[in-house]
Amino acid sequence: MLSKEKIAQRIAKEIKNGQYINLGIGIPTLVANYIPDELEVVLQSENGLLGIGSFPTEDQVDADLINAGKQTISMVKGSALFDSAESFGMIRGGHVHLTILGAMEVSENGDISNWKIPGKMVKGMGGAMDLVSAARQIIVAMQHCSNEGKSKLLKECRLPITGVKCVRKIVTDLAVLEILPEGGFKLIERAPGVSASTIQEKTEGKLIIPSEVPEMEFE
Amino acid sequence: MLSKEKIAQRIAKEIKNGQYINLGIGIPTLVANYIPDELEVVLQSENGLLGIGSFPTEDQVDADLINAGKQTISMVKGSALFDSAESFGMIRGGHVHLTILGAMEVSENGDISNWKIPGKMVKGMGGAMDLVSAARQIIVAMQHCSNEGKSKLLKECRLPITGVKCVRKIVTDLAVLEILPEGGFKLIERAPGVSASTIQEKTEGKLIIPSEVPEMEFE
Amino acid sequence: MINKTIKNAEEAVKDIGSHSVLMLGGFGLCGIPENCIAALLERPLKGLTCISNNAGVDDFGIGLMLKEKMVKKMISSYVGENKEFERQLLSGELEVELIPQGTLAERIRAGGAGIPAFFTPAGVGTEVGEGKEIREFDGKLYLLERWLRADFSLVKAWKGDTAGNLIYKGTARNFNPMMAAAGRITIAEVEELVPAGELDPNAIHTPGIYVKYIFQGSNYEKRIEQRTIRKT
Amino acid sequence: MINKTIKNAEEAVKDIGSHSVLMLGGFGLCGIPENCIAALLERPLKGLTCISNNAGVDDFGIGLMLKEKMVKKMISSYVGENKEFERQLLSGELEVELIPQGTLAERIRAGGAGIPAFFTPAGVGTEVGEGKEIREFDGKLYLLERWLRADFSLVKAWKGDTAGNLIYKGTARNFNPMMAAAGRITIAEVEELVPAGELDPNAIHTPGIYVKYIFQGSNYEKRIEQRTIRKT
């Protein structure tokens, strides 16, 4: 089973040179730490920044410069600041190539739930519905099962959904999976030491297991 | 009969302190010359400027600073520059208090035609349709009659219209008129030396003549 | 140039009545109108509708207005980080309308720009789309969303001039520019107020036409929610 | 940071084919992509659709493209000041779609911002409204208008950096920012190109994400249509 950091590290391998990328809160934020130096990519923060840099040093901290997770950040050279309407115009207009975000549930046809647990949690969807409705490619970072051991890769989402048929790829602590256009989770890679049958056990939705499923590789 | 300058001078009396104003091409542009110094108003140019100043001196001329009539201009202190979407957002959103524009025809219910003569002239509407659809108050500056002596204040517009029931006040070379909510041109003032019956003769649309119609006054 | 200067926050909010619809700028606690919120807390207000991306935290920002039970309804996109909020919501004291963040930004922008409705893909097939018109354009589904407007918009900028022109700083810009345009009466508080003519017209984010009153605020706390630091 | 620099206008327009849909920034001759237009004139293009507020004048700007009979269709708001244009239009050689200026600006903005359609009051009851959906909101009538997008957008800025960030000058901004966002491939020509990091991130008008290629232009003529002077 992968740690959060390893999930982030694996997702980083999906990133291509020249991409504009929006990273959600949680594991997705960690992906920034694993982007290879030789790639030129730009991180977008939906609260109004292109070109997120590293966390600031103590004396650089600026309350007026935060990311979408409300963390203090810095800017890289060549950054641009803008308002929220412009930011979501960018997202909705398909200018952001890749969105990486967390999920509570994903269904075998690519629906995603990550904003509400009726009667329990009412935090709101933030920018997630806009992101999943428009980004060219969506990768989900999540735990394969809940704390109670129940699968979060389902036939159908039980929680209120964030978007319909939008997820293409999922990286969990157990596996990398692709969602097929006709539905179903296709197993692409296994976490080191995790067998396909274990993944099958922990996947409620339809799992397609090719004859060869390599283990994930990390540098 | 009033000169163009006098029409502009009379219209300037309609301006109130604190207004944001869009001036169309032609006579409306001249209105700027007659706004009393004690009034604080801001002139908007729909190509992206709030705070039009006077024409520039020879050495101030800047090709990157023009008004909607493509004339070189200057900016007053406290100006702001913006793009065309913001500019028309401002107009459409009702933030501009007063629009002064020219017309080829006005009808007794407040329709206006000023953008097209079928088969003859195809210049386009520019920003006129947006302005008349949204400004809080619209004043038209025009000649009462065409060069051939035909009335341009009509029962119904003959030319393709620019906007429906939007004109409230008209200043011509002969008169100041108000368009009544129920329809009809109400004669408010006469040009010096012009009789109400002359105005009646030159007005095709329904003209309402109150018992007393003062002459326009100029300082 | 029209002078829009007023003295302070107290004067700015004096005409805001109970049951008004307010827009308040900011994302999290970044770029919120601190001075205006403090002045509102001094007034006996009730039944406010607040449109703001977030609802502050328990002891700062709009959270303080919630504590005073001034707010009847919140229209927001994300309202975590706030226990009193959650309590009032679950007890039914507080009405909440949650809107996708981009839709919220665009509805406010539409309000200022005279666009009564527009189509957006966000929320299709979700709770957000319930009861709304769905239409297909070029093979993709979209929801029809209406504009949002407010009686009063309270915005916070970095610099402003007496003509009402505003410049924001960093990511404190966020919802402030659209809200400035969508308020019937817009009140801007700024960290530094300068005479008209001192700001570069080419660098202005909010043209003064949208701003009715402006004042220089004081004692900005600018509280940080997640102070993340890199060591070197 | 992604580097978007290319050498010159010739390289910028080399992939533009006949029958492409182009957006060209500018209002009148102010803020037009002079270098790109000059480079287009060197190519054997036909059947272009050009979206631009104006159509240039007889011997400058898009007027030159009309003379070369490259343009099949113009989508504009105002096309006076151009005899060749009028001739081609009246003879039926040129198709023209005239759109209210604010609707044109908003349709282009919508194209870049992923809004497929919106309602606007401009043109209700006129020729512009013919065949379009009309709907009442809050007692006022509005037309439904669609977004506009382009295969290539050609924009002109004052300063730009290698990351594609742009700053415009004066009223030369006009349609350029929206067009930059609405082009599948956006080409920016600038008077001064600087390394990423030299422009103030807070003063940028067009974020680099919208720009695919950028180059420093040369020999800007910046022709003035109405040279109006005050004597003193």
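Some observations on this one:
By letter and in written order, the chains are A, B, C and D; residue numbering begins at 1 in each of them.
The rule we apply is simple: a residue touches a chain if its C-beta (ideal position, glycine included) is under 8 Å from a C-beta of that chain, and two chains touch if they have at least 3 such contacts.
Quick caveat, the model's predicted, so the values are computed rather than measured.
Summarising the inter-chain layout, the chain whose CA centre lies farthest from the centre of chain C is B.
Centre-to-centre spacing of chain A and chain C amounts to 28 Å, using the average Cα coordinate of each chain. Separating the centre of chain C from that of chain D, both taken as means of CA atoms, is a distance of 33 Å.
The distance from the centre of chain A to the centre of chain D, each centre being the mean of the chain's C-alpha atoms, comes to 36 Å. Chain centres here are Cα averages; for chain A and chain B they lie 56 Å apart. Listed for chain B are residues 49, 81-82, 85, 88-89, 91-92, 134, each touching two or more other chains. Residue positions 106, 109, 113-115, 120-121, 168-170, 202 of chain D are each in touch with at least two other chains. Across the whole structure, chains are in contact as follows: A-C, A-D, B-C, B-D, C-D.
Every residue of chain D that touches chain A in the complex is listed here, in rising order: 1-3, 109, 111-115, 161-163, 165, 181, 195-197, 201-202, 204, 207-210.
Listing the residues of chain A that touch chain D in their complex gives 18, 20, 40-42, 44, 49-51, 75-82, 85-86, 88-96, 134. Interface residues of chain B facing chain D in the complex, by the touch rule stated above, are 45-49, 54-58, 61-67, 69-73, 81-85, 87-89, 91-92, 111, 116, 122-130, 133-134, 160-164.
Considering their complex, residues 106, 110, 113-121, 135, 137-138, 140, 142, 146, 167-170, 202-203 of chain C touch chain D. Put simply, chain C touches chain A in their complex at residues 27-31, 53, 76-81, 86, 89-90, 96, 98, 100-106, 108-109, 120-128, 158, 168-178, 205, 222-232.
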